[in-house]
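The two complexes that follow have chain A in common; it is paired with chain B in the first and with chain C in the second.
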Partner chain A sequence: MSTITYHQSDGTARTLTVEDGTTVMRAAVTAGVPGIVGECGGQAMCATCHVYVRDEHLGQLPDISDDEEEMLDCATAPRDPLRSRLGCQIPIDATSDGLAVDVPESQV
Partner chain B sequence: MDAHSASSTSAAAATCPFGYTDAAAEPVSSAPSGPEATSGILAPVAEWVDPAQMMSNPYPVYERLRAEAPVAWVPALNKYLVTTYTECHQVEMDQEIFSADVSGATMTQALGARPMLRKDDPEHAADRKAINPSLRPRNIKEAWAPVFERNARHYLEVLADRGPEAAELNRDYAAPVASQNLIDLLGLPEVAVEDLRRWSHAFIAGTGNVLDDPQIWARCEAARAEVDALLADLIPYYQAHPNASMTSALANSGLPAEDVAANVKLTISGGMNEPQHMITNMVFALDRHPEQREQVLADPELWPAVFDEAVRWQSPIGMYPRETTRPTVLGGVQLPAGAPLGVVVGSANRDRTQFSGDPDVFDIFRPKQAHLAFGSGVHLCAGHWAAKTSIGQIAVPLLYRQFPTLRVDPRRATTWDGWVFRGLTQLPVTWNQ
Partner chain C sequence: MERIVIVGAGHAGMQLADSLRQEGFTGAVTVLGDEPGLPYQRPPLSKDYLAPGTTPAPLPLRGETFFTDRDIEYRSDSTVTALDPATRTITLHDGTTMEYTDLVLATGARNRTLDATCGRPAGVHYLKSLTDAKRLHAELASARRVVVVGAGFIGLEFAAAARARGLEVTVLEFAPRVMARALSAPMSAYFEQAHTTAGIDLKLGEGIASFEHNGVYVTAAVGTSGTAYPADLVLVGVGVVPNTELAAAAGLTVDNGVAVDDYLRTSHENIWAIGDCASFPNAHTGTRTRLEAVQNATDQAATLAKTLTGAPTPYGELPWFWSIQGKHKLQIAGIAGTPDHTVQRGDPATGKFSLFCFHQGTLTAVESVNSPADHLAARRILTHQMALTPEQAADPAFNLKAYSTQPSLI
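The block that comes next holds the complex of A and B.
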């Protein structure tokens, strides 16, 4: 179980309490958090679940796979070299509690 | 290859092959999933829906359904049609309640086995995993864009030879380009475009064969036999000599032979007509909106927006099936378990609650919103990057580069057909010699 906070560019934020086993993308889509589309359902095929992970949480993330690396270059919002990740590739598990991300202004 | 122009060199730095710039787009809110099955009205019955009318132009029917009964039982089709964006998206996002493994699937009967399109996760994920890597943007750009360009250039010569009095874009360019691209992407050596078209149309006729016409099943059986004979040689060949093709990826995936064959046939069914229709759709759209055409011809960076808006406006796939696994409520309507649904994305893509301005209007400058022309969720079209590249960035831009004065010929008939699968059956074109 983790708490994940999604910050919007207008200053609002939403904090979810999420069970282990899902992903940052899936939790957001299920809860109706705006700005995370997840068009491909989590297969790293669409780059529409792009998030900017806040600096203090970068150490909690798994390494970027080759597929995620490639797809991040296709995200419509600018890619941040350190903070940009695909939400569908960030699992909710023992290491993700307290994670905070900024939702980009565009996904499509 | 540059994302926007087949012949210029690419820009520096790690850029997406699709050259996305920071387009200002509205954040899209996703509908929450998991409706509670505790309330809701009985489904309205839309007795007035006439499938024959939809075959020629479904959009007025879609508009009325969205307004009156976005989740409606349609007796003429024996299905509940879902026609609004939010509800279609909700269905696609929840494969537990809305299964793709529909009862009596005509597609399964047509192809001889269940393809990935009629499975849910985790079964479905295993099939998709076999082909996703080959269809991501970088592989499409590096391995396939040169092939797509070669095929486009070949058929541009055929079109030129037809001349501006007789050229018909669907027959002379769109169909053979789409067919040859798929032959190459699948890796089916020495298969002629006419053979692939015949197989594809047989399988699609079978998929649509709700009236159980035995002649259509016979055509499917013949097509299956031909494809199976081909695969009997190709699968062992690719296992010994893998290459970048989809059949090679499937042959080496560890999937059982039956699934390899079903998914090759699925790709033959689903990967040809839609790119073909996108070529003619884009030309039709630009022809009807000359001010937008002029801007595109002056600025090739606009081609991705042309493809995206054309696929929204005239979606080659209008509807696909799902089935409820338990009683549920969708759009305020009660659905029983085992309810056969038609997810009408062709209608969802015209929904004013999702698209600003007038969604019935083709406008490449409209604010970007997610559309459902490639579906969404786990079944999001695996070939969507291949389609965007082969058609949106290569086949149509090269066509206009060769024929800058290309236009629809008003002296000959332009015809549309279909709603489940919709496209131009004839698009006569002309140009200044």
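The block that comes next holds the complex of A and C.
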């Protein structure tokens, strides 16, 4: 179990307690966190689960695959060279507790 | 008070409920789903969901508090058995009746089934619902030899997933090429080679005649050539038929789907149809079309929500599709029809390329493999009808993304 916090651009935030094995996208879609769409079902094909990971957690993320790399360049909100990731490509595991992300204003 | 009743809780029905509230609709909204539980996303059922391991949870279409947060009534396990346009009333399977001011048919499609003469021993499956996917996931664990009937999206997604689990996989396809209804001939050829290279035994021009069984379980699929292909698990993916019976019984016009106009209105005022069940005038092809696609379902829903909240809006979004078959992520923008000219961008040998389909000099569709940036650029180019030339499309030095986002052309 990990707690994940989703910060919205209007200043509000929501913290979820989620099981290992899910992803930042799936957990958000399941709980109805606004601004995370997951249109393609988590295949790194649509860039509608774009998030900005808060600095202190950047070191604990898996590397960016070629697919994710290409999609991040196509996301609706501007890409941050360090913090932009697709939520579907961030697995939740024992190292994820306390992860915090910012949700962009727009995904589509 | 106004009451909009939505028949169907798939991508179309759920998006409509969501969009109605977003557009400020304050009347009652009821969503009727004929499956148990909360609405879920279908596309992963033939992809991620089939990977080895414990039965995965379905990906929900909306969060768990969606209905209560938005004051939307949701009824699962609810089948609508009758529709009376004269009294604006529907009847549910349990005899209860419900009145509406507007009714939206988002009834989707169901699997086309094989002729009864084929028989259906245990181990022969179809894939549409979560229940189907759960059963398949369980049986895949002990399967060794799989036969897939039909080389469409579902069949090939399943074939690739089964092959990735190390199973012997044979695919029977009646047509001379795979995904013939959706893809240009060169792209079909690419996927035929890709699946063959992955170890799938592809039998083109081979239909299904019957199944052999041991009294209970399937033991082989017999092709129209007479060849028996040993199997302990069979998946049949031979297309779908739209769920139009309710509309037809109520006297609405049906034409390969519930026929709607540009505004998604059926032949009866106050009754509308969206998603896989609807046949609509397609602005991009100039023909009446019925599409089986998430994009079509969600965009039609969002458009109809505007019309139902006082801003009549014709539907005209660009169709797009995707499929994931093993390591090949296919994305299609537009509808190719029968292109007279295809132009390649990128090198198929790298597993990343796109085919730009032209008809009489005009770009009609772009098929991309593992090239999502090409796909997204193509969507913009097709949506805004930019005058991309075949030479530009083929030129690796031509910056497609920059071209597609030129403000002066949008």
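The rule we apply is simple: the second predicted complex is superposed on the first by the 108 of 108 C-alpha atoms of A that agree within 3 Å, B and C clash if a C-alpha of one lies under 4 Å from a C-alpha of the other, contacts with A are read in each partner's own complex, and residues count from 1 in each chain.
Simple rule for what comes next: a contact is a pair of C-beta atoms (placed from the backbone, for glycine too) under 8 Å apart; a residue touches a chain by one contact, two chains touch by 3 or more.
Here the structure is a predicted model, which is why all the values come from computation and not from measurement.
Trainee: Put chain B and chain C onto chain A via the superposition and say whether they clash or fit.
Mentor: Aligned through their shared chain, the two binders clash on chain A.
Trainee: Now for A:59: first (chain B), second (chain C), both, or neither, which partner does it touch?
Mentor: Once the two structures are laid over each other on A, A:59 reaches no partner at all.
Trainee: Does chain B (first) or chain C (second) touch A:74, or do both, or does neither?
Mentor: So A:74 meets both chain B and chain C here.
Trainee: Comparing chain B against chain C, which has contacts with more of the residues in chain A?
Mentor: Of chain B and chain C, B contacts more residues of chain A.
Trainee: When the two structures are overlaid on chain A, which partner does A:8 contact: first (chain B), second (chain C), both, or neither?
Mentor: first
Trainee: Which residues of chain A are in contact with chain B in one complex and with chain C in the other?
Mentor: 29-33, 38-45, 47, 67, 70-71, 73-74
Trainee: Considering only the defined contacts, which chain B positions touch chain A in the complex?
Mentor: These residues of chain B touch chain A: 14-18, 20, 22-25, 27-34, 93, 125, 128, 132-133, 135-138, 368-370, 376-380, 382, 385.
Trainee: Write out the stretch or stretches of chain C touching chain A in their complex.
Mentor: Against chain A, the touching part of chain C is residues 41, 43-44, 47-48, 59-60, 62-66, 69, 294, 298, 322, 324, 329, 331, 370-373, 376, 401.
Trainee: Chain C touches which residues of chain A in the complex?
Mentor: Per the stated touch rule, the residues are 26, 29-33, 38-45, 47, 67, 70-71, 73-74.
Trainee: Using the touch definition from the top, list the residues of chain A that touch chain B in their complex.
Mentor: 8, 28-48, 67, 70-71, 73-78, 103, 105-108
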